[in-house]
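Here's the structure we're looking at; comments come further down.
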Amino acid sequence: MVEIDAGGMYYRLLNEKIKALARSGCKEITVRNVCGQRYIGAGFDFKDLRINLYGTPGNDLGVFINGTEILVNGNVQDGTGNTMNSGRIVVYGDAGDITGHSMRGGEIFIKGNVGYRTGIHMKEYKDMRPVMVIGGTAGEFLGEYMAGGMIIILGLNGGNLIGNYAGTGMHGGTIYIRGKTPDVIFGKEIKIFDLEEKDYKTIMPYLERFANYFDCSLEKIYETKFRKIVPVTHRPYGKIYSY
Amino acid sequence: MEYEQLKLIEKSVKIPSGCGVAGIVNKNANRFSGEMIVSSICMMKDRGNGLGAGYAGYGIYPEFSDKWCLHVMYDKTGEKEKVEEFLEARFNIVEQEPIPVRKVKSLSFIPVLHRYFLDIKNKFSDNLTSEEDFILETVMKINRNFDGACVFSSGKNMGIFKGVGHPDEIAEFYNIHNYKGYTWIAHNRFPTNTVGWWGGAHPFGILDWACVHNGEISSYGINRRYLENAGYYCTFYTDTEVITYLFDLLCRRHKLNFEMCSYVLASPFWEEIERETDVKKKKLMKFLRIIYASAMLNGPFAIIVANSSVLIGMNDRLKLRPLVAASKDDFVFVASEESAIRKICPHPERVWMPEAGKPIIVHLQENKNYGEIKKYK
Amino acid sequence: METKYLIIGNSIAGVSCIEGIRSIDNVGKIVVVSKEDIQNYSRPLISYYLAGKISENSMAFRSAEFYKENSIELILNVTALSIDTKNNTLITNTGNIRFEKLLIASGGSPIVPNIQGYSKDIQGIFTFTSFSEAKKLKKYVEEEKIDNAVILGGGLIGLKCAEGLLEHNIKIHMVELSDRLLSSTLDKDASNFIETVLMEKGCVVYKNDTIENIYSENNKISKVKLKSGKEIETKLLVIAVGVKPETSFVKDTGIQCNRGILVDQFMKTNISNIFAAGDVAEGKNLITEKSSLIAIWPVAARQGKIAGINMAGGSAVYEGMFPMNAVEIAGVPVISFGITAVDNLENYEILKKSDGKTYKKIVLHNNKIVGSIFLGKIERSGIYAGLIKNQINVAEFKSFLLEEDFGLLILPEKYRKHIVVGDGIEV
Amino acid sequence: MVKPKRIIIKEEYCIGCRLCEIYCVTKHSCAKEIIKMYKEKKIASESGICFEEKGSISFAIQCRHCDDAPCLEACITGAMFRDKDTGRVLHNKEKCVGCWMCVMVCPVGVVKISQSEKRVASKCDLCIDREFPACVENCPNEAIYVVDYEGKKITKE
Amino acid sequence: MAKSKNISDFVIERDQNRCIKCHACVRVCANDVHFKDDATSEVASDDSKCVGCHFCEDLCPTGALVIRKNPSETRENAHWKKEYIYRIVRQAETGGIVLTGMGCDRPYKNYFDHILLNAAQVTNPSIDPLREPMELKTFIGRKIDAVNLDDLNWKTTSIDEIMSGLLELEVPIMFSAMSFGSISLNACKAIAEAAKLCGTYWNTGEGGLHQSLYPYADRAIVQIASGRFGVSSEYLSRAAAVEIKIGQGAKPGIGGHLPGEKVSQEISLTRMIPQGSDAISPAPHHDIYSIEDLRQLIFAIKETVDYKKPVGVKIAAVHNVAPIASGIVRAGADFITIDGVRGGTGAAPVVIRDNVGIPIEIAIAVVDQRLRDEGIRNQISIVAAGGFRTSSDIIKAITLGADAVYIGTSALIALGCHVCQKCYTGKCNWGIATQDPYLTRRLNPEIGTKRLCNLLRAWSLEMKEMLGGMGINAIESLRGNREQLRGIDLSEIELKILGIKHAGESW
């Protein structure tokens, strides 16, 4: 394992260093004293690389990433996993706004809470199915314009599970929420259902992974029933035009 | 038309003009009388129409060789005092006097002509990083803000003399034959309409650059906007002004050498660049053309540009205007017509015509007699 | 006499051979011997001649210039007697010809079964496989003002002859040994169809029957008696039971024969400078993949050409063909390919469609077409021939095979593009 | 002038307008003027084009003028012949007896039975008397074009 | 259901004396306008379905068809014009937003038509472009302000660095963003191939990069819009440049969406979304709510492509365009695309298209001036878009200060488009704005490429003529050279904004 001290380092240099190490065959890189460096892992294509970050990485962590695992020991800022293609981001803390914006594949695990507009315009394609598991709560506009993939909100730490306008303009994918349906304003385009057996089967591997990463009890997670938010149509705006 | 009106026109619109140009340089910086250049430019009298002529000589003020010398013309009463007040605030005026002139009957609208030899009081005020930029700014300020004043020469140990008239008349007026210089350039103007303003005559100068020009720059509009971005305000609406500023910007500020400068001003065609076999040179040519796209001089021109250490004759990239060069001993001559050279040097060693866009660059040998010669290359 | 190339037979196989040779060798001497007395004629045209649809002048399928342009020495009225394979010499009734390369394209000769009362000398009995016979027949019909005739054999030759005779308003009695007309090329349905058409034209068809006895008066035929007992008075009998390869002169020459002369894929016999093509040769049947006689014009043309190319030192391979026939009976066109009637339905799949005026049948084996019949409407049937020849798997578009608008569009894209734009467009 | 050898079909660009047929018929009829010809039913020719259409795919196919043309081999009268100058496979109506051997062997299925003279086969002659076949010249989308012997596309310019 | 009170936009005149009943019109009309009337065996038409695309007219072998505007007139009323009346009728019947295609068709003042070009007479020579070199080569991207010999130290590496970030255009005309989805793949192919052949660039729009277009990727400017369709690191790395689309002239501030029924298999492949699913592009980028967020995305892209490609930002020309442009320069963009009010689209609400934004002429003028005033003009290239109809429009745009232009509608017209403005129906008879396999085949990309190349060639020739006339032989000497322009019939404020003098004023 190789270590980099990112203290005072500008993001461009940091990314260059990480890339150079990865190209030389390095499989695991630990970066300490991360503070505000943006775009860590931008467009990375290193399939079996793992990056351990200590500190607070800057915005757009893992933007356009295409297969690398990033573990963050700390909170992350805005735009984590922006337009991500594949790979995995695990955050041992909270995440900021627009986490997983437009992500098309890969996985994001957040131990704590996420900010506003999380999973906005997530989409899926063929066997690419993005998944985001959030241990805590999410802000407003969760899964807005969501077109595919799944978001799982666990609410393990209490607080308001989700904010208003979840699933606005949603036309694909599923949001799983743990616990009773919160008393918030939902987007017009969604419906809420109880889970069927097969739904539990679908989310199980991700919950297991979540429990594994964050060392929490799977039983505790299952103690509370899940519900799911799904779009009523994948053509939400088909009828507002006069042809 | 009233003088004021004529001046207004001259100062507010660009007047295209045809011209004759001539230049003589002694490579060893040996000074010689202005008579030679007068004789040369007068040979091409038919290239002008009596509405403008002028001379620039280098090495003419050896006693003040380290002082900035401003030639200023005043055509409004009271303006002189204002300008001098402005100058005193910035400079120590070492010497000042009316420019000596002789009465020539045919000349009219003659302004008050005065020269100042200056030392900069507070060299680097206003965050300017060089003396030259300070002088530049001073000239710009006077020319923009003082309506009745015009600085028409602002170098060291050099001076520009110009006015509305035929070249022989202007020479007589300023006593050009009385001055001795090592480089001379001259201009005979043919504007396309009547002008009465002496400031509109050529050469045009800034710092120790002086420039005479024959032709019209069709790219004027963008060259001007480009220069304004760099802090050069074109108050004279002449192509020559733009060319002079471009030389100052590129050669002095951006430190391009004259060859590179020629790639900018008379850019080689893309096809030519494509054919260049020296990879490094090719890259540089292309690069310069891209970066200085707005500085390219497009349209017909033949120019002679001088400063204290160099004389350059150059054509546009298609050679749409005439230019001839000749050399004998340590002299190099450049002119619109060969006759203008033959007149003063009947048997040159070599006579040639420069290629389109390829400048004739004559560097002066350093000469201890005439102070330091600045090298911009 | 000596020649570089010697060709026995002047029909399509021989002529194609000339074209094959000349596509490679422009100068080598070519001698063609023919036992007939006419420079060039198309054998299948004899029924049209008989019908009076074309004149004697139009019988040629190649003009006289053809022989001139290709510098062919054509020797008529020569009958091949034997071949001296050791000395590369053809022995004929008029002399010997030495050759470097020989093509046997002697075609076939009509089969005349043993019938009681038959004699070569009886007038009014004809075969129908050569122009000379056809000429004699036509002359006889016209001179004798024949108004009814018996044709023995309901195969292709018999029907062709019938077609010709029908034009002379002759009532035809057709005697066929098997249970249906054109038994070798058509199934029962199609056969019935043909039979109906013929009957509408005034023909009488006797199936499962044959002529047992021929009666003659004054050395002229007067009556035939069928096996079934039926007696038909007639002044004209055409024996059209088939042809056999003309291999009589090949006997004891060492050239291997089965029913016809055996050839390899280069149309070469077991003797390295002797080739055979046309009705006399046995080539590969693409459908059965066996060596067999396919006595049809296009096969003869192809074989002759391939033989010619190989004789001249080129290299061409005969990939095999399959039986196919086109015939028009009383204005109804019929085209058939390959195996059209099968009994063993386990191995075959049959697709059929009929609307009373047309009939279409496809026989499939392992999802490949092995045979088909088109009756009434025959346009674009060649596409099916292509599918058979290229052994295209039709599983994907089977349901379209019988469609009215069946066309190239239905075919697999790759094959279609091959046909449409491919450089090897011939398929 | 390079002589066209065959018409190549870009089925992916056939728009199914069937103008090729109209121009083919016009060209081969004695009238030559579309409106009068159609209006007065003076259609003296038939199109040498087989037009196929299924779903969104369509194309017009004409005689391929194959290098190794089966119809030439199968013709019992010599009516089908290869033009020496242009390499085209042409058909002499006068000689044809309508035996349908050509129809039988053409793997492209483009030898048609003439409707006006039932005993004669008919097919594309690549507009032997014109620089470009009428169908090619009038195809609005270059879904058919001509190539020379080497398979090179021939265009007007 | 009550009978519709709407009227047909067009009437079809069929000259029965000329109609030969070949049915070509019946076969080709995607709107089912023409049909064979079994009762009369004549060919007839249903005018109400006609969109005025003129495809049938073009195809009819006998010229029997003429499509005319429906002459039916409502009572003359300068305010309640026919089109407004019938728009209300339509909305009263459907309750929906009225969509339209292509650019704004309102008769706002067209400044191009009020600007005149100069020509050289006597004092300098005009140049004959047929004989003498005439250069249109243009470079798009971030340039430096000054070449300092000391800094360069004759090292060419820094030169390389700057030059690798520039797009080299043989003609200052690029093909505007038109996604595969809004137009057919054949149209994309024709455009891409033409861009390659003509030495210019094409723009993928927000449609991803179809595999069959990979050969043209080195000439592609790929777009990132709010839907992020087809955007991946591979997409970014294949392209020549990246453009972040914030807005579009035809619908500033409005998102877009490709209805699910148009998301075919191929489109699903390039957009990387499931077949049949709506492709919704939200109005804003949800990761850009402010200018610093734009900088964040610009540098996210630069970081991903190792700073090797120019990154541009496309905005609609709106009232505040000049300061916005300045902000975009300072946010690190290498080129800015400004799309004027007449910019085209496949679908936009008509009220937005016709009423939002400002003309491109004005936008170029103010942006160029603003950037010069701030001394940052050289750091960015200005690409202008929005309704360029002729080469003179382009020359004027460049003279006002644009580096290059994008053409969209004019390119489509070259491909056959007759600007019927019905792109959003997906039934484009010319095979352009459609995904219907029966219709897309109508655009043979080979022909399309040829026509586009011809257009660019023709316009280049004309531009050279105009340049030569002005005595200028390189386009860079015209760029921003507003002295060469004069306004006609313009007010003082208009002249001031455009930065040009009025006709009659000399230098």
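Per-chain residue numbering starts at 1, and chain names A, B, C, D and E are given in the order in which the chains are listed.
The rule is short, and it goes like this: contacts are C-beta pairs under 8 Å (C-beta built on N, C-alpha and C of every residue); 3 or more make two chains touch, one makes a residue touch a chain.
As the structure is a prediction and not an experimental result, all values here were calculated from the model.
Visitor: Assuming subunit D simply isn't there, give the groups of remaining chains that still touch in a chain of contacts.
Guide: When subunit D drops out of the picture, the chain contacts leave these groups behind: A, B, E | C.
Visitor: Going only between touching chains, how few steps reach subunit D from subunit A?
Guide: 2
Visitor: Hopping along touching chains only, can you work out the least number of steps from subunit A to subunit B?
Guide: Contact-graph shortest path, subunit A to subunit B, evaluates to 2.
Visitor: Taking mean CA positions as centres, which chain lies farthest from subunit E?
Guide: C
Visitor: Of all chains present, which has the mean Cα position farthest from that of subunit D?
Guide: For subunit D, the chain whose C-alpha mean is farthest off is B.
Visitor: Please state whether C-D or D-E has more C-beta contact pairs across its interface.
Guide: If we tally the contacting C-beta pairs, C-D comes out ahead.
Visitor: Need the CA-centroid distance for the pair subunit B / subunit D, whole Å please.
Guide: Averaging C-alpha atoms per chain gives centres 78 Å apart.
Visitor: For subunit D versus subunit E, what separation do you get between their C-alpha means, in angstrom?
Guide: 42
Visitor: Let me have the rounded angstrom distance from the C-alpha centre of subunit A over to the C-alpha centre of subunit E, please.
Guide: Spacing between the chain centres: roughly 37 Å.
Visitor: Listing for subunit B: what residues touch at least two other chains?
Guide: none
Visitor: Name the touching chain pairs, would you?
Guide: So the chains that touch one another pair up as A-E, B-E, C-D, D-E.
Visitor: Can you list the residues on subunit E that touch subunit B in the complex?
Guide: 120, 122-125, 127, 132-133, 135, 137, 139, 143-144, 146-150, 154, 156, 159-160, 162-163, 166, 372, 375, 377-378, 470-474, 476-484, 505-507
Visitor: Please give the residue numbers of subunit B that touch subunit E in the complex, ascending.
Guide: 13-18, 192, 215-216, 218-222, 224-226, 228-229, 237, 253-257, 260, 267, 269-271, 280, 283-284, 286-294, 296-300, 317-318, 320
Visitor: Once bound in the complex, which stretches of subunit C touch subunit D?
Guide: Residues of subunit C touching subunit D: 12, 16, 42-45, 48, 53-54, 58, 60-63, 297-298, 301-302, 305, 324-326, 328, 331, 333, 335, 337, 378-383, 385-386, 389-390, 405, 407-410, 416, 419-421, 423, 425-427.
Visitor: Looking at the complex, which residues from subunit E come into contact with subunit A?
Guide: 90-91, 93-99, 226-228, 231-234, 236-237, 257, 259-260, 268, 272-274, 276-278, 280, 282, 286-287, 296-297, 299-301, 303-305, 424-425
Visitor: What residues of subunit D sit close enough to touch subunit C in their complex?
Guide: Of all residues in subunit D, those touching subunit C are 6, 8-9, 11, 50, 52-54, 57-59, 61, 64, 66-70, 73-78, 95, 97-109, 111-113, 118, 151.
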